[in-house]
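Listed next: structures, encoded as structure tokens.
One chain, chain A, links the two complexes that follow: it is found with chain B in the first and with chain C in the second.
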Partner chain A sequence: MPEGVGFILFYLINGLIWGLIIALISLGLSLIFGVMGIVNMAHGDIYMIGAVLSFYFVSLFGNFWISLLIVPLIVALIAAPTERFILRPFEGHPSVTMIATVGISFILQQVALATFGGIPKKISSPWEVSFDFLGVSYPGYRLLVAAISALIIIGVWLFLYRTSLGILIRASMQDKEMASAMGINVNKVLIGTFVLGSVLAAIGGVLAAPISQVFYLMGNDVILLCFIVVIVGGLGSLEGTLIAALLLSSVEGAMAAFLTPTEARAMIFIIMVAVLMLRPQGLFGSNSA
Partner chain B sequence: MMALLKVEDIHTYYGDSYVLQGVSLEVKRGEVVALLGRNGAGKTTTLRTIMGIIKPRRGKILFKGVDITPMPAFKVARMGIGYVPQGRRLFPEMTVLENLKTGMRKKGNGDKLDEIFDLFPALKDRLSQKASTLSGGEQQALSIARALLTEPEILLLDEPTTGLMPLLVSRLREVIEKLHEDGMAILLVEEKVPFALSVAERLYFMVKGKIAYEGSRRDLEDKRDVFIRYLGVKN
Partner chain C sequence: MKRGFTFLLVISLLVLGLILPRGARSLMVQMMAFSIFAMAYDISLGFTNQCSLGHSVFFGAGAYGTILPMLHWHFGVLPSVFIGFLLGLVLAFLTGLISVRLSEAYFVIVTAIFSAIFHLLAMDMTWLTGGDDGLSVTLPKIGFGPLKLSLYHPLGTYYFVLAFLLAGYLALRTIVGSPLGMIFVAIRENEKRTAFLGYNVRTYKLIAFLISGTFTALSGGLYAVSLRYATADFFSLYWSIIPIVWCLVGGLGTLIGPCIGVALMSLFQYYVSAWWTYYLVIFGVLILLILRVSRRGILGYFIGRGARGGWRL
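Our next item is the complex of A and B:
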């Protein structure tokens, strides 16, 4: 076990790395909420499905990296018809779509339970290298996960802020009706956003699978943290989501050095309450939100 | 000449309230037409119905001879109808350039952007500024510029003079005249009667969801009573 400064740093880095995965998943949740107005209660279960599918692919091919490529594609193929046939008919009715996503959440969990089983399983680390860092030996795969997550987040960011497709998504996020009157096919934007958001959650699941245990209820824990992140960051604010994910996860990580995991999680709730008391719209939310 | 835009007896509801009670009007190619009326007469609803944002329960809208009534708004826009809504409705969190790009659907219309800057030179210096930080006049310019970039054959302008200083109103008149010279058809909804009279060749007066009067500018020159009767104003 590490000691002293290295000890705290170890937990802080752990938190920060976890924060990048949470940021990736929360970005998807935030996009889906921002563009579609849907509170996606099934988002954590899409993360779980990513991990479960990854488990199967690793058992099948013995190669983790193949699963990182294929699983997002499979999830995209599931997400597109889900948006079109389950969510689209209730577009503009936030409470109905929210209940629909609760239903999707149950279905995904039960399908996973029926096929994968109720016992947590582990995927062995795909990169058995560790780095010595301030007297602490740190698993290389975790650093790799941080790098991959950061790259994907940067990629999504560039897509949204530097491409013409990204402009159409952001325009739809700000004023759907006007976007449509400008000739933007908002329905395509909606389905694209749901697919993109779901793929981000699934990638999070694949990346997290070797770090945490693969379990059919693993999404519940993550979705809670993601909602806190999105709320603290400010509803509909993508930069708020990113910053809140990194901030809260580092805090939780550092707290884990002194407190039990449950107490550390309680700290996150305390931070959320404090933020909402001082800024009800969240750190980066607009006043109207 | 066949009308470019022909609205035939449309009836539109907002929930239970019966807003448009059989509106018919037409705009010919290159023609500037104004739709006047008091607050709540249904002018904005007429434009929103043409745009496909709300659907009429009865009636038909023809554009270039095609029935566009069942089309979603994005298809109406792509058919060649540009919309400049009341209150500008810019994408506030995006830059001026990004707002313009939402209108640039067709590839390679970079030249079009230069034409826009000829028309609205002020926008050129503000490209990287957020739309919400622009002045009222600049916002109106951006809203029109954005619609023009969709390369429409007709422009629907909803109360473009609202909140503009007199100097900017006359600047807007020049812009409309320039567009008219270039052959753009315009359907202008307006509450400022003198402004509408100065730019429109033909005018419709709406009262309680119906067209109450239609006439050319010349017809109206010696009929001041029309303005008093339908708008309650002396011109």
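Our next item is the complex of A and C:
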């Protein structure tokens, strides 16, 4: 067991790495809420689907990296019609979308239970290297996950702030009606955003599969943290989501050094309640959200 | 005519206890306990348009608030049910204070987080809750002077729960029919205008949330009494979703509607879960279908056909 500075650092880095994965998933959640007003309860289950599909592809091809490429594509193919034909009529009404996505969540979970089974399974680490750092040996794959997540987040950021399609999405986030009046094809933006958000969750699932267990209820744990993140960061605020994800996960990671996981989660919850008391719209949220 | 209908319903419930076979009677007890839950939930969703996903907190708290005093301090059944009821009131007040002032999207998410955190804690604190395995309890006899009622008598639990159902229905009926109930409906129909009329919307939303949470706790307590058992699973999100399903199936904004929803869904679950393990898929599909057809629920759809309104958002 590592001691002293290395010990704390170990947990902090662990928290930060989870923070990057959580940031990836929450960014999708926040984007989907911001553009179409969907509170997506099924987001955690899309993460789960990502992990489950990854498990199948790894056992099929024996190569983890192929699944990282294919799984997002499959999820995109599922997400697009889901948005267009199931969720479209509910958009803009937070509680209706929440109930509707609970319905979708039930369906996804039960399908996973029926096909994948109820027993947690493991994927072996695709990169069996470990680094020594301040007397602590750290698995290389986790660092790689952090790097990939960070790269994807930067990519999404560049996409949203530097490309014309990203500008369309942000314009729709600010004012959908006006965006439509300016001649933006809102239909495409809606489908595109939902696909992007879902793909982010699925990538999170694929990346997390080797460092956690693949289980049909694994999404519940993640969606809870993601919801706390978007609440603290401010619903629909992308910067807020990112900062809150990194901050809360690091805090939770550091506290896991002294507390049980449930106690650490309860502390995060208390932080959320405190933030809500002071700022009901979250740290970076606008008043109208 | 409506009064006659209610009277007929009460009489048939009283008689059913005597004539139903054992299995059907225990299903009926469960339905009656859930009916209180469904009506209570509708005060929140159907009457004030507060879509809470945190009611499992009150359901679980009511169950444990009822079971624990009997188990540890050998309280009687009635005082224990009352303690569960009070625990629900306290928790509804605390969670309501935080969540009622939030905007709609924040409200649903934060209440869902409450439910998830309480479930986590309940699963973790096995010394208090017994975790997933739960706690069993032996019910003491209830004494009314010289008369002693044992809930182990086949009819005991049935009439015990029925009495609470009738009392709960009357209490909620009175609230809904009072000026307070009118304000609830006004908030549902148009929150801004109600505020312009000079009502403190937040306070009334909190009151509705309190009533809803407290009666949910009562239902949890009765359910635990009928099972002689409580488990940490009562805190799970499932118990926050199921009342929405009841209300959607039965019809929002009424008291009888959710009870019909309970009856239909309980029968459905009873028969379907026996031959298909993955019946929750049907739940999911059902939720999506009903929302698509009418956000007022099935009964609300037939009653309100042509009429304006519905679940305003």
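Some notes on this structure:
Going forward, the second predicted complex is superposed on the first by the 285 of 289 C-alpha atoms of A that agree within 3 Å, B and C clash if a C-alpha of one lies under 4 Å from a C-alpha of the other, contacts with A are read in each partner's own complex, and residues count from 1 in each chain.
Throughout what follows, a residue touches a chain if its C-beta (ideal position, glycine included) is under 8 Å from a C-beta of that chain, and two chains touch if they have at least 3 such contacts.
From a predicted model like this one, the values you see are computed outputs, not experimental measurements.
Shared-chain residue A:Ile70: touches no atom of chain B or chain C. Contacts of A:Ile99 after superposition: chain C is touched, whereas chain B is not reached. More residues of chain A lie in touch with C than with the remaining chain of the pair chain B and chain C.
By the touch criterion defined above, A:Ile107 lies against chain C but remains apart from chain B after alignment on the C-alpha atoms of chain A. When both complexes are overlaid on chain A, the residue A:Phe90 reaches chain C alone and has no touch with chain B. Contacts of A:Val186 after superposition: chain B is touched, whereas chain C is not reached. In the superposition on chain A, A:Ile167 contacts chain B only, with no contact to chain C. In the overlay built on the shared chain, the residue A:Ala150 is in contact with neither chain B nor chain C.
If you check the complex, the residues on chain C that touch chain A are 51, 53, 98, 101-110, 112-113, 116-117, 120-121, 123-124, 237, 241, 244, 248, 277-278, 280-281, 283-288, 291-292, 295, 311, 313. Those residues of chain A that touch chain C in the shared complex are 33, 37, 39, 41, 86, 89-90, 93-96, 98-100, 102-107, 109-111, 113-114, 220, 224, 227-228, 230-231, 235, 260, 262-263, 265-266, 269, 272-273, 276-277, 280-282, 289. Taken together, the chain B residues at the contact with chain A in this complex read 51, 53, 72-74, 76-78, 83, 85, 89, 91-94, 98, 101-105, 146-147, 150.
Those residues of chain A whose C-beta lies close enough to touch chain B in the complex are 164, 167-168, 170-171, 174-175, 177-187.
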